[in-house]
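These notes open a run of structures that come right after.
Here chain A shows up in two complexes: once beside chain B, once beside chain C.
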Partner chain A sequence: MSDPVSLTTEHPGQVASATPPAPGRSSRLSDRWLTVAFTSPALLLLLAMSVFPLLWALYLSFTDYSATRGGPAHFVGFENYTAILTSAQVHQRALTTLIYVVGAVTLQTVLGFAIAYLISRRTHGRGLLTTLFLVPMMLSPVVVGLFWRFMLDAQFGVINSMLGSLGLEQVEWLTRQRTALISLIVVDTWQWTPFIMLIALAGLTAVPKYLYEAAAIDRASEWFRFRTITLPLVWPLLLIAVLFRAIEAFRLFDLVYILTSGGPGVSTETLSFHVYKVAFLGFNTGTASAYGILMVLVVLVLTQLYLRYLNKLKED
Partner chain B sequence: MAVSVGEAVSTGPVRDHTPPARRFGGRGRSVLEVALLAVLAVVMLFPVLWMIETSIKENRDVYAIPAKFFDFKVTMDHFKDVFFASGGGRSALSVSFLNSVVVAGVSTVLATVLGVPAAWAYSRFAVKAKKDQLFFILSTRFMPPVVVVIPIFLMYRQVGLIDTKLGLILIYTAFNVPFTIWMMKGFVDEVPAEYEDAAMLDGYTRLQAFWRFTLPLLLPGIAATAVFALIFSWNEFVFAIFLTSSDTVRTAPPAIAGLIGGTTVDWGLVAAASVVFALPVLVFAYLVRKHLVAGVTLGAVRR
Partner chain C sequence: MRYPKRVGRLSVPRRTVRLATAAMLVATTMAACGQDDGEKASAPKAPATIPELTKDPLTLSFIWFDWPPAHALETFANAEYAKERSNVTIKVNTVPNANWHDAIFTQFAARKTDFDIPILDSQHIGEAVTNGNILDITDFVKKNIDVKAYNPYLLAAYGQFPQAETGKRDENASLYGLPLLGDTWTMIYRKDLIGDEPPQTWDEMISVAEKCQADNPGVSGLAFHQANGSDAAAVTYNTVNGVYGGNLWDPKTRKIDGVLNDAAGQEAMDVLVNKMKPLTATGSGNWFIDEVNAAVAQGKACIAFNWIAASGGLLDPKQSTLGTTREQILDKLGFATLPSQKTNLVPLGGMGMHVSAYSSEPNQAEALNFMKWFERADIQKKWAAAGGVPSRTDALESPEFLNAGPFNQVYTDSVPRMRDMWNVPEYARLVDIENTNVNAALNGAKKPKDALDDIAKEQQGVLDSSGRKGGGGL
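This part shows the complex of A and B:
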């Protein structure tokens, strides 16, 4: 219990080196054969279903290919990339995405950590509370999106109905430019606060009790204990959760599709949604591919960051 | 060492050793905290309760203004509509549920069969550039689905996999394999390699040692991993909506989303379909609650 967190990453010491060679066969050779036989089917599938499509997209991103117009693809060099990087439309989507990612992830982190902290201070009913709080996270984004769309409906939505009975003004949540993006952030926060909570709770329960006991003997104030014991010990794990959520929020598509379809206007169009429009409604497959490749680069950087912190967490 | 949500509950409070002297005003604060938690719990659960309530309301009450919270007539008509067409026979929704079962089930089995041996190999053997390989595997899972779906769409159109269950099964398997490998590697790491070494001293081959001694120990882990893969495939929407279109192939998420296409939306039906769709997920998630932390971080964080 005392070591805070252990991770699944590398265990280099587990190479079966201490095995005495079995009589009549080279176990090293058979080990290598087994490794290839056991890992290559999975790797081949990933190559066929992930790498090959991405390479194809990479190729298309340098052409003017259109999936609907058909015909041969012409090589256009970096034209698609410059078009995207200089497009005011894309800049606006990038800003929307940034507001959405930062807003949603910040809210989730604050709320999720607060709930986890409150739960960790309870003696009774922690299991029940945790289970109840986790429900939103397990639902499909489709269900979540549909349901909030119903609840936020301007006419018969329950949210407006409650506002009405409180004597407050009704709000057209999903059809006003500003409130639509806020609604999106709120719904995402509702669904994913449990995620942060779950991981923060895991970190909080792993903080060794004796640290608090020592602090209590020293008559350290509550805030001091929180700042010097709780936060530093939970922070590394929390950071992993935050990065994970940031990656997920960056590539979010389904919730936007269901909740607002990017509207009103383009106020809730994230980069993911814009790629979809360029590819499937605008039929500029080449441009969309370049767009997608740029998004993949961002995700790769974020994933690299995520894994770096994960390794650091493991080493501590 | 797997500390889970379930266990975390039994370990008791973190700070129950505060001496009484420092509990000054602790009672009032404790009440405040409980109240705050209760309010947060209500806010988090209200949409779910509202969904369930709407699914058993008569249409008149569904659209009532102001909203009816308690005094409504209970009806099971919406649930009947989910499964049966109005003229009798099966509804399109129920077909989509069956499709979801097939697609999620088969892709989970495939991902498990491919992923578990790979996870074992990555855990046990010195693989060249192991870290890079594992990074590559995880990053395929992080790709934005909207981006991946463009070339996949072209690819499937070329080979005739558009609008087929096989196409969906393949892509779902590909996105569950990285998860299975990362998640299972954690479970394999927990089984000492010495078991296999000992078995091999007794004359078993490495493969037999894996099959007879390690695999049985991994079964609970495999079950948990498979349940998560099942949930991911079951909930998946982006690939489903772009790669399938006909009623006979479509899975439940796009079918349910399709209910709001028209000018008037039957929200009671949407709610009932959502409840039917979400219920198995919640049951399964409850079964694997001990592994939730690892499961939702794709096997990366484990405690």
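This part shows the complex of A and C:
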């Protein structure tokens, strides 16, 4: 029998092996089963709350089922999908959504990055500034919508009041076709620019200092440093922020509901708002399910393309 | 020593994954197959006689939208009904107006409701009856309600399905509700700006408003509902349509295209967009009940149109800049029936009360008892004195009602002139089409003629496609 002391001294890394082996576990408690046991509650929750409803919606999308009318769900094949894809109304809402997503996300990215860049260059009060900028993001979209609705009111709103004091004419922010969508973009930008700013700030902070020091030794200009060091290193992170914001903006509902109700007419009705009307005004559950599935597919396909671009960017 | 086995992926066998996926699909399919019994839904019948009432504490829940009459009802019912049923508490749950239909019908869809008495707009009855969501109370009404005490059209509008012909009641049709709150539009005018006598015709009203606006800078000639939520802009167009001799549809042939957008309909749209809209305040294209009231209370409108049941706040000095007392405000504000033109039609507002088919039996019995109590002559007069708008003719002509508010006489005078919209299961979609298009025309997003033609075409499409399989609801 070997001496346990000498073993410990010479091979400190093997102390554990010197202790007597744990009593043998039942074969039922193998690593595999332990893994399954620990992950299954989360998996079951995921199945119940996400996967099952998705499959259920997928099934309903091939039927003429209506939640209020009840009765059996008749199989209608791809009729719901055909109706949606060929509907002029849907095309109009898709265009509105596209303009909104591109407008809002572009504005938020430019502003968010600019603010982050300016904050990152400050040495004093950086934390306080960041916290202040983050406040809009913490508010509920419904609350944001309500107070912007008051601010943008043509008669009693503070925005028109300020314009009036500057001698400018009143603007119908929420009731004219041209201004209503712009108002939505502005309000969304006010609320979500901080999100882009936060991600961009994280990226900017992570850029190694020695790169700037090396550039400074080479007497590189400010613009050159920004173009060749800052932007390329922050770009992938910024693109991820853009992806998140684009997905969020694509399914915009609450601000539209509170600020314009889709009006004037249907000029600010987004796809999500239209789905809501199909689902809860007409209670055409089958059609609404197909509409939802198509929206998920669009997001999935675009996200995949985007991620591939990101991966390529990483490899390059 | 045991080293943890390094695994690149979760070592759940593929077979297990396949089995789990298969189980999910089977569960989905089984749930799909077992969801319905395949029978066409229809409204269940309430008993003719009220079953024995419980002596245990019970809460009778209503659902309505958030406005003064809802709060008045809760206060009134708890004060008065408790005198006869001390174990019962009345709770009137409220939701924002824009969510009113959704809040009720999503619960109906779940076949489970947290309310016993839904307060439905008259046009919602068709949808609720067809889906079997509310009780058929025909036998109950025959045995417990004095139907001759009502204007027949009021009884029909808040309870009958299929829809009654305007102004009449089909005594053979089934009843699914009883009147809770009557309502119509009143014309609110500034006596100090346009004189004590209200305009008598629609054309006169427009010219008076035009002159008033020109003479009083900062005050707009008109204020009315234009929003694209709820039924705001739709009711406005329907009112003008009725006054100018138009029709919303032909209910017998279910024809809208060619009826709504005929010459009278086009004239009404032209009057609304080209003559009335220019007399409204800038940015009023999303105004509804509250905004119109605010404009009147702040002295910003010469003539306004609003629902009578929502007009009480106008007399509150705390909310008004027109005077520091009710009397001072009434020196400036007048209330009149709507001007007539080719016809004297006015919009039917108000709501009926119904019994949820998914409520428990004791609560359904209590709901029926409440309805019987509420429709009694003495209670209707008390409801009138408490600020409600009753429906029994004796209550409408009683001093309790006529003296309770300056606009109550307007309601009593308007009852024989009322016209309702379509009371069909497709109502929610029809009104949305009309709302969005009228709102678009009022705000310059569509030409008036195009908007009206689009309404007619799209609404006809909805009626024609009802019952069609697949792709509905777009």
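Rule of thumb we're sticking to: the second predicted complex is superposed on the first by the 273 of 316 C-alpha atoms of A that agree within 3 Å, B and C clash if a C-alpha of one lies under 4 Å from a C-alpha of the other, contacts with A are read in each partner's own complex, and residues count from 1 in each chain.
In this text, a contact is a pair of C-beta atoms (placed from the backbone, for glycine too) under 8 Å apart; a residue touches a chain by one contact, two chains touch by 3 or more.
These numbers were taken from a predicted model, which means no experiment stands behind them.
K.L.:
Applying the document's definition of touch, where does A:288 land relative to chain B and chain C: first, second, both, or neither?
P.N.:
Both partners, chain B and chain C.
K.L.:
May I ask you to decide whether A:253 touches chain B, chain C, both, or neither, giving the answer as first, second, both or neither?
P.N.:
The answer is first: A:253 touches chain B but not chain C.
K.L.:
Once the shared chain is lined up, is A:31 touching chain B (first), chain C (second), both, or neither of them?
P.N.:
Both chain B and chain C are touched by A:31.
K.L.:
Pick one for A:42: touches chain B only (first), chain C only (second), both, or neither.
P.N.:
First partner only.
K.L.:
Compare chain B and chain C by how many residues of chain A each one touches, and report the one with more.
P.N.:
B
K.L.:
Name the contact category of A:96: first (chain B only), second (chain C only), both, or neither.
P.N.:
neither
K.L.:
Quick one: is A:71 in contact with chain B, with chain C, with both, or with neither? Answer first, second, both or neither.
P.N.:
second
K.L.:
Looking at the overlay, does A:120 come into contact with chain B only (first), chain C only (second), both, or neither?
P.N.:
In the superposition, A:120 contacts chain B only.
K.L.:
Tell me the contact category for A:240 with respect to chain B and chain C: first, second, both or neither.
P.N.:
A:240 sits against chain B, while chain C stays out of touch.
K.L.:
Of the two partner chains, chain B (first) and chain C (second), which one does A:162 touch, if any: first, second, both, or neither?
P.N.:
first
K.L.:
Under the contact rule defined above, give the chain A residues that sit at the interface with chain B and also at the interface with chain C.
P.N.:
14, 16, 31-32, 35, 39, 51-52, 56, 67, 155, 257, 280, 288
K.L.:
Within their complex, state which residues of chain B touch chain A.
P.N.:
1, 3, 5-6, 8-9, 11-19, 22, 33-34, 36-37, 40-41, 44-45, 47-48, 50-51, 54, 62-67, 114-115, 117-118, 120-127, 130-131, 133-140, 142-148, 150-155, 157, 170-171, 173-174, 177-178, 181-183, 185-186, 189, 193, 196-197, 200-201, 203, 205-207, 231, 234-235, 237-238, 241-242, 253-254, 256-257, 259-260, 267, 270-271, 274, 277-278, 281-282, 285-286, 289, 292-294, 296-297, 299-303
K.L.:
Okay, in this complex, where on chain C does chain A touch?
P.N.:
That would be residues 1, 4-5, 10-12, 20, 24-25, 27-29, 31-32, 35-36, 38-41, 98, 101-102, 105-106, 108-109, 111, 127, 130-133, 227-229, 281-286, 295, 300, 425-426, 428-429, 432, 436-437, 439-446, 451, 469-474 of chain C.
K.L.:
Once bound in the complex, which stretches of chain A touch chain C?
P.N.:
14, 16-17, 31-32, 35-36, 39, 47, 51-52, 55-56, 59, 64, 66-74, 76-77, 79-80, 82-84, 87, 89-90, 153-155, 160, 170, 172-177, 257, 260-267, 277-278, 280-284, 286-288
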